[in-house]
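Both complexes shown next keep chain A, but they swap its partner, so chain B is in the first and chain C is in the second.
Up next, the complex of A and B:
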């Protein structure tokens, strides 16, 4: 009986296991294996030990892209949290048209990233929406994707696209807060701010943390925005980890094993984030 | 659990059947995936005098004095109609793609072959081809695509000597032949000359009283002209200088200055052969940078040109934001087809003293193709009727493309002399003949190689230009850094210490 039960269990999880192995485990091991190889384009690979890793650590690209990725991801997540929280608090209140506004708020997140980037091409253009607005208010136009503003500009796109995810998560968390607690607090004479700090925030803290961690991982791995808007430039101003590995693999060195080593080197950062997220979710 | 009644569960028969079916399906999948292709053994002819010959079924091993050559003597028999997978670089002038599609389908219909043509954007074709090669699934052939050198030097392409011979080798311009040749063999055939022209607003030149500077004889005169035409208060800048990271235009426009002021890239594929930072070539590059910095600081180009992609200077000229643009005739093509009033006040002159060919688009065949003869025959078919190629691929693009054949350029020259194409300030044949440099090639060593192609395809040169012009880094420091970087790449790709 015990064995039969175990057999059942294995049979049920077999399809998922096979899919996971083919789509995730195998590529991961292949990536790890190839990072110790040297391989010319279209040729067989040969073992070179730690050569690729030494090259990665000796290259400034690793440090520049790491720094840029942290700036990009942490800044974007910070603003997404603030905006998502504010809008969620606002749309958690009861008023006419709330449902419509909730639906409207999800719109940016519903758009595919490349569509958002195309929209922002027009916004960031020298004669685009944003500069026309600046001119309207008598201000000088900004070169949004130029050397000085490229990073804030790509962060803005990420924030614009990603805040509704925070809003949805936090709103769900807010709806789970028992109303009785607010009623008791009101009887005790608590102010709105005190209610927020002592009731709302402790309740939604796990939600905020989970959403923020998930978003942090996704933002660190965001390729489309950088590729479509700046390709990592001007110079290396917006060169993030995904863009740098793409460049190493296909653009510049055209060296797949080196790119693999690069991704293995930064893998622990993602693993730590995944670990914290899973613990948080548990 | 004691005393608890445990119900005995039986494995349901439907579950067992489902598992068996899945196992059979998986086994069938594995069987067919590992099945070798159906082959027909063709008798082999030994082509060399051998010291000792061993014949294995389907394979002949020929031992010569120097080495052993294994000639596989099998021909894959296609179970269905042959199909060629073709990739091409999408161009700015759609008639070129229409012509290629028409010719390829015409040829396919005649030969009983299926063709699948995919057009890939300019900035992505290099990446996609590289990824396809690494995945072991490149297209059969590429029409009007790039890069080439990285595949040719890795021995992944089929030689096309016989096609070049059939097209009359001596009728193809030397510069176009040189950049398609590796180790004495042709592995690609260029699809066109893509000449850079100075597009200038004659109405603005007259208004500024700068007729004496048109056409400019050199880049210093071009600078003077741009200065006279510069009117940022009315949002019209003198010259469009592309400086964006994700664009080839930034590279080749600077390349004109680099060569014109006496700089050089390499004289041989060795670390010692790199000339970028060596005197007297270093001074040439330095002068080019100084000119660029001067033009940027004086505001001769729109302030957003640091963000431009390849189409941006086209757009800037078409929208009247710049008075002068250096570009192939894709700008003129757009004006002629959609803004004739601006075309009428636009004049074209060659970039002097150095004219560079941007036409690195080529046709080439991957060795992995199952149909090498068909693929080569299709390439031959595209060029065979040279008049049709000139008319359909070149003239239809308003001469964005110029033919690679001397005989055809001579015909264009005759027509110019008879009064056609008067928007060319000079005989276009003279401009073609003056071309000695190539966008993705090196100089003075005239060849396309993996390193110089990668620096161009990977926008590494563009990054170098941005660092000096936009970031304001020290020119000497930047030259040293990119010289060393180029040397390292030469060592990595070709060896040497």
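Up next, the complex of A and C:
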């Protein structure tokens, strides 16, 4: 009877668990297995031991992509947090048109990433929005996706698309702060800055941390922006981890086992981050 | 005096804040929006178009591959008329969203209502799949799909999209079921109702908004995918919308600005409409749904 009940309850979740295992766990182990193979065109795959791993560690791509990914993700998350927090505090004030602005603020985030990239194809074009604005203010046009500005330019896209997620999370946190706390602080004569530091910030800190960690994971796994804007170029300037694994598999080396070994090497970094994120969420 | 001064200061902050926020959101949207309603001659004009046309949007639904636009101007060499990727994107997203809502409904119910050993672990497993970066799965999934003959098929792509949609649907529906009072079901159970019929007859109808939300967000998650479409699809008649965008470029230059802007705005407007309708559920679904347990 007890077993029957347990079995009955598991049936509800079994299809989901099977699907997720086929889509996540199985590919991860399969990737591990592929990484020990060598497959050249027209030949059978053969077992080569750690050869691919030695190649990965000896190639500069690993270190370049790691560095680029950290620059890309941490800078983007930093600015998304600042903008999301500022807008959330602003749209938590009482004024006319606040509801409309709250709705509008979701817009960048509601757009698919590749559509945002197309918007910025127009903005970054030599004849496009940003260079026209620069000319309007009497400044020199910039080569936005050239060597010097490529990284800041792709970061700007990620920030523009991603800040509303921070805004929504932080706003929900702000709305949960009890008003009585502010009222009693006002009686004690606290300034608005003091209220922010001593009441608001401690209250929304867990939300900010959770949202930032989730966003950090997604930004470190962001393939679309880099693929659409620069494909990792110019000269590897924006080559991030997801782009590098794609490049190794399909463009440069055209070597799927090598790409598998590359993703296995960087997997621990993501696992540590996932572990930290899950602990924060719990 | 001091009070008056502070009031004016606050008013000023609000006005400046509104202006900055509007500029920050709207400037990046401007060029694509104005180009999509321009005539080709004015495509690279920085100002607003002198006359407006919706022909660029109508042409998206033109089923003939080489149908000429009403005016000359460089046209992108598309392998298929745009209606083909539009259709493919819709098919994949609708099926992926339906499947993930159905599977997620049962799984979410299990996590919201039942108490058993290993539930905590199951919850962690689903949260893990929710935040795991999917690009790591792309290469092995491609090899696997190739071996079972689903590479370069919409079925294969739809199945793989469950990696985005299913964890989300489960978490979202779980938090929704948890808000529904358990007493309603308990009284039905006492009346001799079985567990499955109390779920299907009582909780599920009450959860209709949750099911719609799960479907809509799963739809947009699938609609937003570029990576898997890129890796899994090689025949142009199976391409989804994100793959279509690159055909408007030639050597990194935009060759057909009006065509490109119309496709991009159309592709973007669909999730935007859906998000605007369900605005108040977004936070519930994404932040609170994952956080509260």
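Convention: the second predicted complex is superposed on the first by the 277 of 282 C-alpha atoms of A that agree within 3 Å, B and C clash if a C-alpha of one lies under 4 Å from a C-alpha of the other, contacts with A are read in each partner's own complex, and residues count from 1 in each chain.
Convention: a residue touches a chain if its C-beta (ideal position, glycine included) is under 8 Å from a C-beta of that chain, and two chains touch if they have at least 3 such contacts.
Quantities reported herein were computed from a predicted structural model and do not represent experimental measurements.
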Checklist entry - Once the shared chain is lined up, is A:115 touching chain B (first), chain C (second), both, or neither of them? => result second
Checklist entry - After lining up the shared chain so the two structures overlap, which partner does A:143 touch, if you call chain B first and chain C second: first, second, both or neither? => result first
Checklist entry - In the superposed arrangement, does A:208 touch chain B (first), chain C (second), both or neither? => result neither
Checklist entry - Regarding the shared-chain residue A:88, is it in contact with chain B (first), chain C (second), both, or neither? => result neither
Checklist entry - Looking at the overlay, does A:105 come into contact with chain B only (first), chain C only (second), both, or neither? => result second
Item to check | Residues of chain A touched, compared between chain B and chain C (which is higher) | outcome: C
Next on the checklist: For A:274, using the defined touch cut-off, is the partner it touches chain B, chain C, both, or neither? Pick first, second, both or neither.
Outcome noted: second
Checklist entry - If you stack the two complexes on chain A, which partner ends up touching A:256: first (chain B), second (chain C), both, or neither? => result both
Checklist entry - What is the contact status of A:169 with respect to chain B (first) and chain C (second): first, second, both, or neither? => result second
Next on the checklist: Considering only the contact definition stated at the top, list the common interface residues of chain A for chain B and chain C.
Outcome noted: 8, 125, 250, 256
Next on the checklist: Give the list of chain A residues in touch with chain C in this complex.
Outcome noted: 6, 8-10, 12-13, 15-17, 19-20, 23-24, 26-28, 30-31, 34, 87, 90, 93, 95, 97, 101, 103-123, 125, 127-129, 132-133, 160, 165, 168-169, 171-172, 207, 210-211, 214, 217-218, 220-221, 223-224, 227-228, 241-242, 245-246, 249-250, 256, 259-260, 263, 267, 270, 274, 277-278, 281-282
Checklist entry - In the complex of these two chains, what residues of chain B are touching chain A? => result 6, 8-9, 11, 15, 19, 126-127, 130-131, 133-134, 150-151, 154, 156, 244-246, 302-304, 306-307, 454, 457-460, 463, 466-467, 470-471, 492
Checklist entry - Any idea which chain A residues touch chain B in the complex? => result 1, 4-5, 7-8, 11, 40-43, 124-126, 143-147, 230-236, 247, 250-254, 256
Next on the checklist: Show me the residue ranges of chain C that touch chain A in the complex, using the header's touch definition.
Outcome noted: 10, 14, 17-18, 21-22, 24-25, 27-32, 35, 44, 46, 103-104, 106-107, 109-111, 114, 116, 122, 124-129, 131-141, 143-144, 159-160, 162-163, 166-167, 170, 195, 220, 223-224, 226-227, 230-231, 242, 245, 249, 254, 257, 260-261, 264, 267-268, 271-272, 274-276, 279, 282-283, 286-288, 290-291, 293
